[in-house]
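The structures come next, written out as structure tokens.
The same chain A turns up in both complexes below, where it pairs with chain B and then with chain C.
Coming up: the complex of A and B.
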């Protein structure tokens, strides 16, 4: 392929609005980010920041008719997915982009054996192979995600698995057709710490072995720290900062990223009596605020912040911020 | 910290019998559990799902009858409390659960929710007294008095959890049982609630029994820590000592698995 400089996924100015009877919620309000081939990007934000809705919009599985993609582009290898027909989009899902959700029980069918569910997924792109061949592929897929005795477990039902194992089955289905990108939306939030640790190791292995890209959505910066190459921080439906993992953790630029990192209780290091707290409540994204969405809670706010949304400042290909404080003087 | 033991649990055990594929099997949820919580002390219980944390809490709250063992509160055995005495115990020990959305009745307003435990304990209390206490508690937990007429669904997660804390404090308890009190909250709101708990403990000399899976949070809030696995205590001691110099392989694996920002 000649797509040397084109990123695998390029999301530009995405807006997803949810129309409810109480008014319109700007769930995603102009989000932009890129993912390179073989790269793991962490999409971090609190609940309601729009990270899940962003993923759903990429896959075009947003909850219709309430949610509407109002604006933006989702370029996969330079091709806008939002312009594709429903039929073409069906071929993108699973083949090009796989997805894992937080609760595997909601994505697995409780009355089908996991083998049949894997075969169902494989059959979508392979109409010719015999069923026994697909079953063999299903066993390989289960072995790849670390399920022991896969040849016996294909006959089991989801309820016979523990939470961590179910999530592995969901991963096996998501990667069965070797997608270029795996979107994992809070994949470990329902798991215990030790299980979470093993599952994140699995994601890293899959990424390394297959050169697969990863979009890991989480509210937990600790999860991102061990897994991702770059991090995008969302707040109020917008991406407020993107940077390399090291930079985000050690030299966060945006006031929200800095506050978020300080608010995490640290296990290592000094034990504090009181924790750093961000005052106020997260935004509800209902009002059309002209200024920065974090301004009401920001400690470094000035009059520009409430008046107009800050422009995005790019530092290099890998990092940017949206904060008036970080806009060079001569550009304002 | 005073030396008065407030809650003493000795040899507590509970098993459930289950029928699986025709065979009967006993699940031992909690076995031989012994712990002491002193006045004003904050004790943490760590463990993964299935470790018996919830069964333990339910027994201490007298919502579940233990098979074996003794629970003492302020020196008195309380296993078989009934009627008026049970009511008195429930005034001394209040609980805050993980999911405040399901702990708060969706059909009651914030004012009624916070006042309810007081009305149960003292049905004859005057209306103005109730109003005063509700107002001052809401202020204390950082909620505006305007929220009094709101229903739970109109509140954010952090606000709901603060209503749950206010509600537990209105009867002036000596101890709070906190079952994963912040794990459903966002990071930026989580520290607000944890700081509130730390301050309230200081002001009122409350004892905490806090159940959590997040070791970093336990390290901040508790001074004594018990690690549970499969219904048994595997390790216990001063929180810092247990976490920084874990002896038991299970505790060590919990510490290693902890996602850290700085490794």
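Coming up: the complex of A and C.
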């Protein structure tokens, strides 16, 4: 990660507002982060912190017309995706960026065979190959994600597969065209722990052998710990801290990250301690708060926190925080 | 523990097994046997009626009026008897099957195509498109089919075209509503989002992913409406708005025959039975089709 090279994905000041009849919700309120080539970035945060909306905005599949990308840049190899035409964006999807969603049960079209769905994905970028060739490619792709007897299973319908297998098929479709970036939006939330582990191993293998970057969205810090190189923590539509995995887990800088880590169950000896809770409620992102979004729940607030949103402090290329406690007093 | 207790306990598991084997796992019928038996006369006579070389359905023979059917004391020359003008009821029922078949199939097919397209567009594009199309549906639903037929008959005259038009205009809105709802729920499914994410165009998503998932509902609705269409056609012909004499139609025959009900019960009853068989067969076919089109049940 040398300075000066362009990162694969560079999200800058992204704002996505959801307009409802009760007012505007700032689902994503100025999120910024970068993903380097071959890097796995974990995007963590509680429900409603804007993780999924960020992913959808990168792909421009945000739920219109309620959700609107108000501001920001999504640079893929230095090119702003938000400035691309619908037709160009269609070429980016699938070819450059693949995506897996949370629910393997609804990720596949129930009336098409597994093989046909893979062939369709391949066909979108390959108009010349024969169907039989594509079928062969589909079988190889299924074998790669660990589906046994793939040559028979291509003829199966999704309902004949278990949840874990369907998620593998969804992964096979997402990576069929060798995208540079795979966005996985809570891919393991619907899977049991064993299946979850095997699926994450598969993602890691695929990332390694193809040099693919990975944006892994999750609320499970355990998933992040086993898979990611760096972690971005989102709160109230903003990225509050980014850092290397080690640093985030061992020396979190932002009070929210620290609170999040404390809320993970730890077992010391025989006695189970009462689990730490972050007091208060997540922000509803409706009112226009001038200060830090976490301030109402933060245990370390001071007078600057309520007055103005903290500036982002960069430590190096890989890490930054947005917290007044980490801004030296004399700089303000 | 004594031997007695063991003996007394023993029957329980076997009884369980018995009840388990009696409760058969759900198996789909491979063929809709009863439905086809009921519909076979309609289809066969509809297709081959003219080749059967029966009496001319329109030929009047006053000397042989009001003859009972063969099974009720008549002779086999008029197997199902004759009506008040001496016309052969068998050949008229068969001839009526043809007009019923044509009218019902055309009406349902046209309504299905229009309704599916409208409903899919409404659900797919949403917003103003949805609003406009669904208000059209509401307007349509406010018009009673019989009144519509009266109006059409006044403008273009009674006959086949009027009936098909009435059926189409009456039935398309049901498709539009159901298809719109299904489309809306399909659009929420992840595979539609993933198809977009894979770079599929809007028309591709609409016709490759949404439409095939709608087809089973549409086909089921169509087969069920086939029965309703036959019924509505009969009602229109009964009222004199549909098929016009000297053509024969079941509804027309019932209308003619109801005056002679006390002397010649067979005149309105036999076409009535034909209607019942057809509607019932179509409904059963609809139920079977629904099971058959579900890929989860098909492989059982």
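As a working rule, the second predicted complex is superposed on the first by the 322 of 332 C-alpha atoms of A that agree within 3 Å, B and C clash if a C-alpha of one lies under 4 Å from a C-alpha of the other, contacts with A are read in each partner's own complex, and residues count from 1 in each chain.
Here is the rule we use: contacts are C-beta pairs under 8 Å (C-beta built on N, C-alpha and C of every residue); 3 or more make two chains touch, one makes a residue touch a chain.
Given the structure is predicted, the values throughout are model-derived calculations rather than measurements.
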item	value
Touched partner set for A:120, first chain B, second chain C, both or neither	second
First, second, both or neither for A:77, with chain B first and chain C second	neither
Partner chain in contact with A:103 - chain B first, chain C second, else both or neither	second
Touching partner for A:143 - first (chain B), second (chain C), both, neither	neither
Partner chain in contact with A:61 - chain B first, chain C second, else both or neither	second
Which of chain B and chain C A:92 touches, first, second, both or neither	second
Contacts of A:159 with chain B and chain C, given as first, second, both or neither	second
Contacts of A:170 with chain B and chain C, given as first, second, both or neither	second
Chain B or chain C, by number of chain A residues touched	B
Residues of chain A contacting chain B in one complex and chain C in the other	none
Complex contact set, residues of chain A against chain B	46-47, 163, 192-197, 200, 219-223, 225-226, 249, 259-261, 263-269, 271-279, 281-282, 297
Contacting residues of chain A [partner chain C, same complex]	59, 61, 65, 90-95, 97-99, 101-103, 106-112, 120-121, 124-125, 157, 159-160, 170, 173-174
Interface residues, chain C side, partner chain A - complex	127, 189-191, 193-201, 208-209, 212-213, 215-216, 295-296, 299
Complex interface listing, chain B residues touching chain A	48-49, 156-159, 186-192, 194-195, 198, 213-217, 219-220, 240, 243, 253-263
